[in-house]
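Next come two complexes built around subunit A: one with subunit B, the other with subunit C.
Take a look at the complex of A and B:
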């Protein structure tokens, strides 16, 4: 049995990442380069998020890992068990009980608090990558806060589809200064980033970039004055818990195309079911 | 006539070639200046230097606005960029490389407006539609992709996308080269009409003396990076003094 350092990475590497994180927090939304390491899972599976979590996790933390809102998907289960083995810290599925939440593609439905840190796994940290193919040119645009061209994409969406079509990874303006990719979270979750009490950290392992949004920082989704930003949500009700306000996954359940909507946040859904059962019991007594 | 842009003793070397050799010139408000000369005479280098796209080795480019004269080399980058995309415009020879071919005609025209802070979709669209009419593409093509446009239409679109912010100075690098002759004539006619109506000053680089004669108030002739002759267009073309200008004028095919 090989003995690993606490949280897998060696202390020098963790320090390097923490230094980059401090800089990232100091300039909200700004992409800070860091020496991304090889991790024991492929790029695209959350290597950036894992390294950020490894750099900030301590003995007393309680970790929750979600993938598309669910605690029980392969990626989430694998990362949670990785940290259990490498740190011995407790993991949980309860949003309210976690001190660190590592996520891919979602922000939990339950509002986060000042005592929590949310770590996003980011595949593409550069919001301008489709418009400016050359990275140095994109970095100059960030340096000069020169983001007019981003609106060309929004213009095209409205022209072709009648509304802004980016259902996920809708670009946001952080602190009125830096354009940032919110990672591929649904547009539905964008408003949650605005003035969030929890610290938000973003890690892109393949692209070797970190960025951060400190607590209570203004985060505004890009839009036009006459076409305001609209957080999209499937018009449906969760088949399990009956929620009409949570973000839903559409699931095809047979070969005839029968559809059902379910909460994408499994902890939120389970919590509501428990709550409903408890109330039913109390009502029965 | 008030001064708009002035170049003083510009020099630029590319390894062992003098691309610009002590070039000085002025452009006045509402004036059209043609820069003519053969390939490699430094006219495109001069245009790029005047437009602040590539710096000179020595010398100054001064731009005059309401606050006075500004050396563009001393401006910070944000300010220069703002100048380049509001009060200035640059029309490239190859419209394909200047436009976004996968973005609709309306989006291409709107880009400059959005770069300058326009955030109202309806207004941007209405302005784009008006400009499509203006350059005789027609507003009904507003949602079409430029990749389906002909060469002449692309050049018209580029002109609309440049003039949409009502610039006071536009730089044109061989705007009609590579188009067939009948299209050339119509584009030149369009440029002449718009430039005069909008009171824009223009600097046109061309190797075609006919373009200079048709559009320009004044003409400068370049050879080997230096200005060899300059004056009123009619004067320069009808009564050339410098042997090189005489050669250029005499080598135009009779039409």
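Take a look at the complex of A and C:
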């Protein structure tokens, strides 16, 4: 009695989402309204990203889903299994093997290619929301490129803290025209968005907005010439793979507060360990 | 390695689901679908309203699956609804043709067709029903058969033009559909009504209550509150004429509110409208109060109260959206938190260095003084 279409949504709805995505690609960074549907996962769990993925996924795709950089976090596991169940497509944890990567809060360490699409889950698409809660007013600011207040906010941070205090979701200027939320990725990931060969799609289900950054589009993190943008990471080394350049999770390993660092990108970390083992074997022979 | 356990996984999810299923069944068989349908009618009505889908059986199923959590049940219904193709739009229901079970008007002592209480708890004593006190002279419920049609109790006001005509829908014709387009502002009246109709009952109730306490007062009177079955009809394109496809129970509330007018424009009472699927007095009345409050700007009244702000009310009345976003805070946020940690440590380090430097300067100054 209860049967579901390929990728859950009916074809008409998926077509509507793809139309909105085309508009989004045509105006990089611009928030396009769309008729967001209720998905079987709650708002805030990535319904926007799930709808985008559902609209673009085909039989031959290979999907990777990460949350906090990891494939094995509960939410990532739940979304990946949802798509396996609703589409029958293969999921993978390997960044290089995926054609679609749906993510919450991170961009993989390994550079993405032209053959890939990265789908971001976005809680709050409006980068000005803390400054202007009324969305129609914010929309006017975008139309007029009136972003002075955002610079004032950054300036206030600098006078107060000596630096910009946004550690994640640091606003970016897309194609020199539209101020955009990169979603709550750490500032460390912002530079990866710039001129990325992969198509970047963003879905905000609850706020009913989609936006996109086409391949090779300039994406600049907002800053000042005398206070340049500063992507931070914990000053540490991955306890597993020894990486000194990846974004790290801080893990407390005992009751005395002993800290260790691990790569947040589990696939990147596992890949490096494999590579090291392979090299050690070759060296031994 | 111990710290791998900080990340969850497939097994953890499966175990959580199994535990929940076990808890739901309890010691016995649990409640059957039939028992739920017959015993929890008002809960089912609310789930259908907030789930925006009229299907009592599915709503009962949702209620059971959600362990009685109404918002979760509405969510189940909504996400199922999202997968269903839209075949045809129903024609507007005609509530004047309702088979009325309940109909009261607070503005007239008696109305044409009479005041009819119907199956209400309004005049019950809120005492636990022990099952021993059934009055021997209980009336035969059959004596209170539904009646139809029953003219609107407010007709007399309209006839005298003391009541405004039904407010215009706005620029949209046919009315915009909230489920196929995103909520946007300014929102037309049909969109506002659609958003309120599926809005959270608690939120609507509290907002309505706030208008009664001075935050956007509308001087409301219940012109009429009616509940009963109405026919739903559609015009299939291949037939070209209307056919009835079923009946649904709805509750409709027409509020009569403070009048507008001036020396030149004859004063008229204004309207607030509420409609809910199922038997839902509280919901329909709250909706009518909030709907009227949202018209403050249009009617040139003073604004500034929460219930009068369409963007505030409509953006936050959907409990599926609200619960999702509030509860999503329990998902992992450790990457963002890590970046905050790095920033706060860096700022603290800077502050410490600055303090140390200042201290050194002061010592130097003190030293200079001693010379």
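Worth a mention:
Heads up, the rule we're going with is that the second predicted complex is superposed on the first by the 283 of 285 C-alpha atoms of A that agree within 3 Å, B and C clash if a C-alpha of one lies under 4 Å from a C-alpha of the other, contacts with A are read in each partner's own complex, and residues count from 1 in each chain.
Definition applied: a residue touches a chain if its C-beta (ideal position, glycine included) is under 8 Å from a C-beta of that chain, and two chains touch if they have at least 3 such contacts.
Every value quoted in this text rests on a predicted model; they were computed, and no experiment measured them.
Under the clash rule set out above, the superposition-derived model of subunit A with subunit B and subunit C shows the two partners fitting side by side.
In the superposition on chain A, no contact is made by A:59 with either subunit B or subunit C.
With both complexes placed on chain A, subunit A has more residues touched by C than by the other of subunit B and subunit C. Shared-chain residue A:70: touches subunit C; no touch with subunit B. When the shared chain is aligned, no partner comes close enough to touch A:258: not subunit B, not subunit C. Put simply, the three-chain overlay gives an angle of 70° at subunit A, taking C-alpha centres for subunit B and subunit C and rounding to the nearest 10. After the two structures are overlaid on chain A, the closest C-alpha atoms of subunit B and subunit C sit 10 Å apart. Considering their complex, residues 2-3, 6-10, 12-13, 75, 78-86, 179-186, 311, 320-321, 323-329, 331-336, 338-343, 346-347, 350 of subunit C touch subunit A. Residue ranges on subunit A touching subunit C, taken from their complex, read 2, 4-5, 8-10, 12-13, 16, 33-40, 42-45, 47, 67-70, 72-75, 77-78, 81, 104-106, 123, 134-136, 161-163, 165, 167-169, 184-188, 206, 208-209, 232-234, 247-251, 253, 260, 262, 264, 266. Across the interface of their complex, subunit A is touched by residues 77-78, 81, 100, 103-104, 106-107, 110-111, 114-117, 119-125, 143 of subunit B. Those residues of subunit A that touch subunit B in the shared complex are 140, 144, 146, 148-149, 151-152, 155-156, 158-160, 224-227.
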